[in-house]
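Here it is, the structure, as structure tokens.
Per-chain residue numbering starts at 1, and chain names A, B, C, D and E are given in the order in which the chains are listed.
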Amino acid sequence: MNALAEAFRLIITLDADLFEILWLSIRVSLIALAISAVISLPLGTWLAITRFPGRKFCILVLNALMGMPPVVVGLMVYLLLSRSGPLGWMGLLYTPTAMIIAQVVLITPIIAALSNQVIENLHQEYRDTFYSMGVTGRRAVVAYLVDARYALTTCILAGFGRAIAEVGAVIIVGGNIDHLTRVMTTAIALETSKGNLSLALGLGAVLLALSLLVNALVIGVREYAAKRQYA
Amino acid sequence: MNALAEAFRLIITLDADLFEILWLSIRVSLIALAISAVISLPLGTWLAITRFPGRKFCILVLNALMGMPPVVVGLMVYLLLSRSGPLGWMGLLYTPTAMIIAQVVLITPIIAALSNQVIENLHQEYRDTFYSMGVTGRRAVVAYLVDARYALTTCILAGFGRAIAEVGAVIIVGGNIDHLTRVMTTAIALETSKGNLSLALGLGAVLLALSLLVNALVIGVREYAAKRQYA
Amino acid sequence: QSTTSTENSGLYDHLMPILERETGVKVNVVAVGTGQAIKNAMRCDGDVLLVHSRPDEEKFVADGYGDYRRDLMYNDFVIIGPKADPARVAGAANVTEALQRIRETGARFASRGDDSGTHKKERLLWQEAAIDPDAGSGQWYLETGSGMGATLNTGVSLGAYVLSDRATWISFGNKQDSTIVFEGAPPLFNQYGVIPVNAGKCPTVNREAAEIFANWLLSESGQAAIGAYQVKGKQLFVPNANHKLNSSIESK
Amino acid sequence: MPDSLLPIRIRDLRLSKGDRALLAGINLTIEDPGITVIMGPNGAGKTLLLRCLHGLIKPDRGQITLGPLGPESSRDQQAMVFQHPVLLRRTALQNLAFAAPELARSEPQRLISALAAVHLADRADQPARMLSGGEQQRLALARALLSQPALLLLDEATASLDPASVLVIESLVKAQSAQGTKVILISHDQGQARRLADEIVFISDGQITEQSPADSFFSAPRTPMARAYLAGEILL
Amino acid sequence: MPDSLLPIRIRDLRLSKGDRALLAGINLTIEDPGITVIMGPNGAGKTLLLRCLHGLIKPDRGQITLGPLGPESSRDQQAMVFQHPVLLRRTALQNLAFAAPELARSEPQRLISALAAVHLADRADQPARMLSGGEQQRLALARALLSQPALLLLDEATASLDPASVLVIESLVKAQSAQGTKVILISHDQGQARRLADEIVFISDGQITEQSPADSFFSAPRTPMARAYLAGEILL
């Protein structure tokens, strides 16, 4: 297809615009992922191992929030950051920071809910031993995260996938402004709305290749570490 | 906010349009989920328990496909179903069926990759025993799915979340046609583009409530079954 | 297939029930940008086109994809900006001067940047004002690459100027403190056309219904219905199917 | 060595699942230090009883006191080795370090010598879950002993050890007991019970049928049940 | 009863991890039917050897033949009970039904009697993972016996059984062996070895140091190693 041909031409000729957009995509998603992981992994773990009234309800809400429509997240962040909103004075709307915020809100429930399930399985095995050794609170959370690290990478990759593929939220808070907040997905949406379907598909292929690369890196590191430790 | 007030008024007055849209949302997502689960759960399981060259690569690709942009999926399905496309003669474009197809394509990699991870953990425990008992192939897949059923619900809920929240793909293949293919997310996107932000938010709240309901049902059934079996 | 601005304005919600009552034909509206609408139709995914970018429309018909093109109705473009109007666009004598003022004062301008009819119009206006906005892309010239509504959301939030069709603006719900700062100049005329898709190129086209729909829109009762459509007490579209397009536009 | 948790008193402990009574009204007082061995057939409820003492299971009814404390409030003065020890996905040494983080910081040498005491010095850097069955059990024992507990609960802790390791562990347990740790130990190994026990508690079908000094239990068991058990006769 | 897998021949079996030789060149021929007991200290490599025989581990070097077959091709004529049996998340009875689906369809009564044989008849509907340690081990044994294997591999299968259950299992194993099943069994229990073994294989440090008829092994072990092991002297 000349769709892919065009996309590859852009890549091979190191098209500056394409690289700017790609780089912004990956930067926004990875920063959002990092921030979200710091929140969601301990949260999911903590909810798996503590017992308090309402805990099940919290997990239920996390699970339900996996189905939070990106457009709604976009709107909420938009209203928050808009000039008349509570954080309007920061002037963050239509900046990459705004997109990062939206993505963090979007993927935090996903990583938290998935890691909650992973840790809950491990908890069935470790619970009695940890109780017996008096391992609780922060120490327990850290130990669970360390010992479940291989299974957790899949949760994290799911979060990354959602972030990098996301368009509904970032287009509202980022605005898809050329040279400022245009990322791959919003560029694809734009080409689609222009009717340049083949170019849109080509860009999609480039984005997928990028996603493949990131996944290969993460999974490669995991396999390497697992092999080295043979634990 | 009068946003929510408006949304609640629509609900309380049993606004027929709203219910039509809600019902289509839930119907499309659940059918897509059912179809996808039938494909993705055995696929993810099978990839966790068999060994062949290229298996790791398949898993890598599944993980990467979690980051497939909805717009791209929408485009691909669009080109497939378009009247000049290979399946154009079926006249499926701009029908709920088209939306279901797009959602299946979108969430199958997600459920497959997540269930692959879940089953891989269980496989570490069962592998030797199943080898010893000569349990392979379809019997093994079924046994793993049955024994991991509680952990798998979270994977399925993640797929449901993605389906119900999804807008980029369904708007392309469904067209957001009123009374035919308008679902909650596309309605929210439409209200947003009309600048009716508060109504959009209100609809978002309704959608989230719906999602909460489905999650509560699924998790409730799981808890009930787990308690009855105390297995 | 139709352009977004008509959908966003709510025109179809007004027209479709009348159409169904009078002709029995049921129409599914797919609202996308003019560019996408035309290309979708070239793939035969649509029976009637309702768009606004005259040269593209004529090319579509010339290439044999459409049976014919008829003027349907028009409305006009307006420039939206913050009430404070830092670039003093309101006082400009004509469109060119308005745009030059925006450029000179360093105010921001949000462009659709999506090859839509509105966007093409806007590019033409910059060209006539002898300004190359691309040099400032990402700084003062913000190409949102989105539909009219989304671009208005962006512009309104940033206090930037936006070129919008009047219909979308009137029915737009998130005006905040922006308003129409410039309107009524002849170059801001916006003509919509209707094109039934050629059944010869696309055998799957629902030719009969398309014909009925197009004819109804162009008929007296269709035109009357368009003219009767009001939002917040304002008429959004002026039907002009029976006029020949002429350059003298009654200004508002 | 922390304060003694003696006397241990269990009053009318009951636990049932469905309509089966797993623990059917256990009354037990353990006043003397030294080593108490719990014996009884499979499924008698030995493990459940030990778990109740440790605070891992809340009984349906009944009361447990350990000195002035309850099972949970005395948890950090107890240590338990489970019937199937769970080791973390780390090396043998790291498993010890995780169990005693302050010790690992202040006197890391102590961890090495704890490993050496169970003859695992040269397995220090091996992933714990790759150890052989007996090696894992020994590591779990070393881990439990690290905390110098007032009460040590051992659930068949030598079941898969070779004869020499059994003796090593027994001498470690005896030494710990001599330092004032109360030891309660489940075992099916009569030789071991004879070697270690000061006192025998015999459980059958969720009930305590006998509590005697070791000598009298082995020379003259009071119930026919215990007699049959010792003779290896069927009483399932 | 399927064809015999005898003779079992192991030639120069080697397995190492890092620079440690876990199996250091094992040569072993088992020609006689009956019961072979493998003894040896913890970490000697007993489990690894059994897993190689079963085809679960591919050795770095060496060759294994069972009659005309290899470990994997004879897998469905073998049955193995692991040191830590893994039971499915189902009831005891369903665990048996899963292991023998045709039997469960054609003669479900056989499953019940298999449960009864290990004295678990009244645990049939209990979730298998809630069984006590000894009950789980017995269930795993019943599961392995269901397939009427030509070769039965038991890895410390009675380690956590009470004395009566030990005897029950031993008589089941003897009966199975009398029907022509070759049994290879790992045990640390010398009493058991004396009661069951026709032949003893002694492993130490990844090597076979002795293979003798049971009588001569216990009366006059050929190596000082075996002598020390039997005496319970330290040889870790």
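The rule is simple: a residue touches a chain if its C-beta (ideal position, glycine included) is under 8 Å from a C-beta of that chain, and two chains touch if they have at least 3 such contacts.
Computed from a prediction, not measured in an experiment: that's the story for all the values here.
Trainee: For copies chain D and chain E, work out whether under half or over half of the interface numbers are shared, and give different or same accordingly.
Mentor: same
Trainee: Just list the two chains that share the greatest number of C-beta contact pairs.
Mentor: A-B
Trainee: Between chain B and chain E, tell me the centre distance in angstrom, where each centre is the average of that chain's C-alpha atoms.
Mentor: Centre separation, chain B to chain E: 47 Å.
Trainee: Find the geometric centre of each of chain C and chain D from their Cα atoms only, then give the gap between the two centres in Å, rounded to an integer.
Mentor: Taking the mean C-alpha position of each chain, the two centres sit 82 Å apart.
Trainee: I'd like the Å distance between the centres of chain D and chain E, where a centre is the mean of that chain's Cα atoms.
Mentor: Spacing between the chain centres: roughly 27 Å.
Trainee: At which residue positions does chain E touch at least two other chains?
Mentor: Within chain E, residues 17, 130 contact more than one other chain.
Trainee: Among all residues of chain C, which ones touch two or more of the remaining chains?
Mentor: Within chain C, the residues that touch at least two other chains are 40, 147, 150, 153.
Trainee: Where in chain B do residues touch two or more of the other chains?
Mentor: 78, 192, 197, 230
Trainee: How do the chains pair up in terms of touching? List each pair.
Mentor: A-B, A-C, A-D, B-C, B-E, D-E
Trainee: For chain B, which residues count as touching chain A in their complex?
Mentor: Its residues touching chain A are 56, 59-61, 63-72, 74-76, 78-79, 110, 113-114, 116-118, 120-121, 151, 154-155, 157-158, 160-165, 167-168, 172, 184-185, 188-189, 192, 197, 200-201, 204-205, 207-208, 211-212, 214-216, 219, 223.
Trainee: Flag every residue of chain B that touches chain E in the complex, lowest number first.
Mentor: Residues of chain B touching chain E: 125-126, 128-129, 131-135, 139, 143, 147, 229-231.
Trainee: So in the complex, the part of chain E that touches chain D is made up of which residues?
Mentor: For chain E paired with chain D, touching residues are 17, 40-43, 47, 83-84, 119, 123, 130-135, 138, 156, 159-168, 188, 190, 228-236.
Trainee: What residues on chain D touch chain A, complex-wise?
Mentor: Residues of chain D touching chain A: 51, 54-56, 75-76, 78-80, 82, 85-86, 88-91, 98-99, 101, 127, 129-130, 143, 147.
Trainee: In their complex, what parts of chain C are in touch with chain A?
Mentor: Residue positions touching the partner: 32-33, 35-40, 110, 113-116, 137-139, 142-147, 150, 153-154, 157-159, 176.
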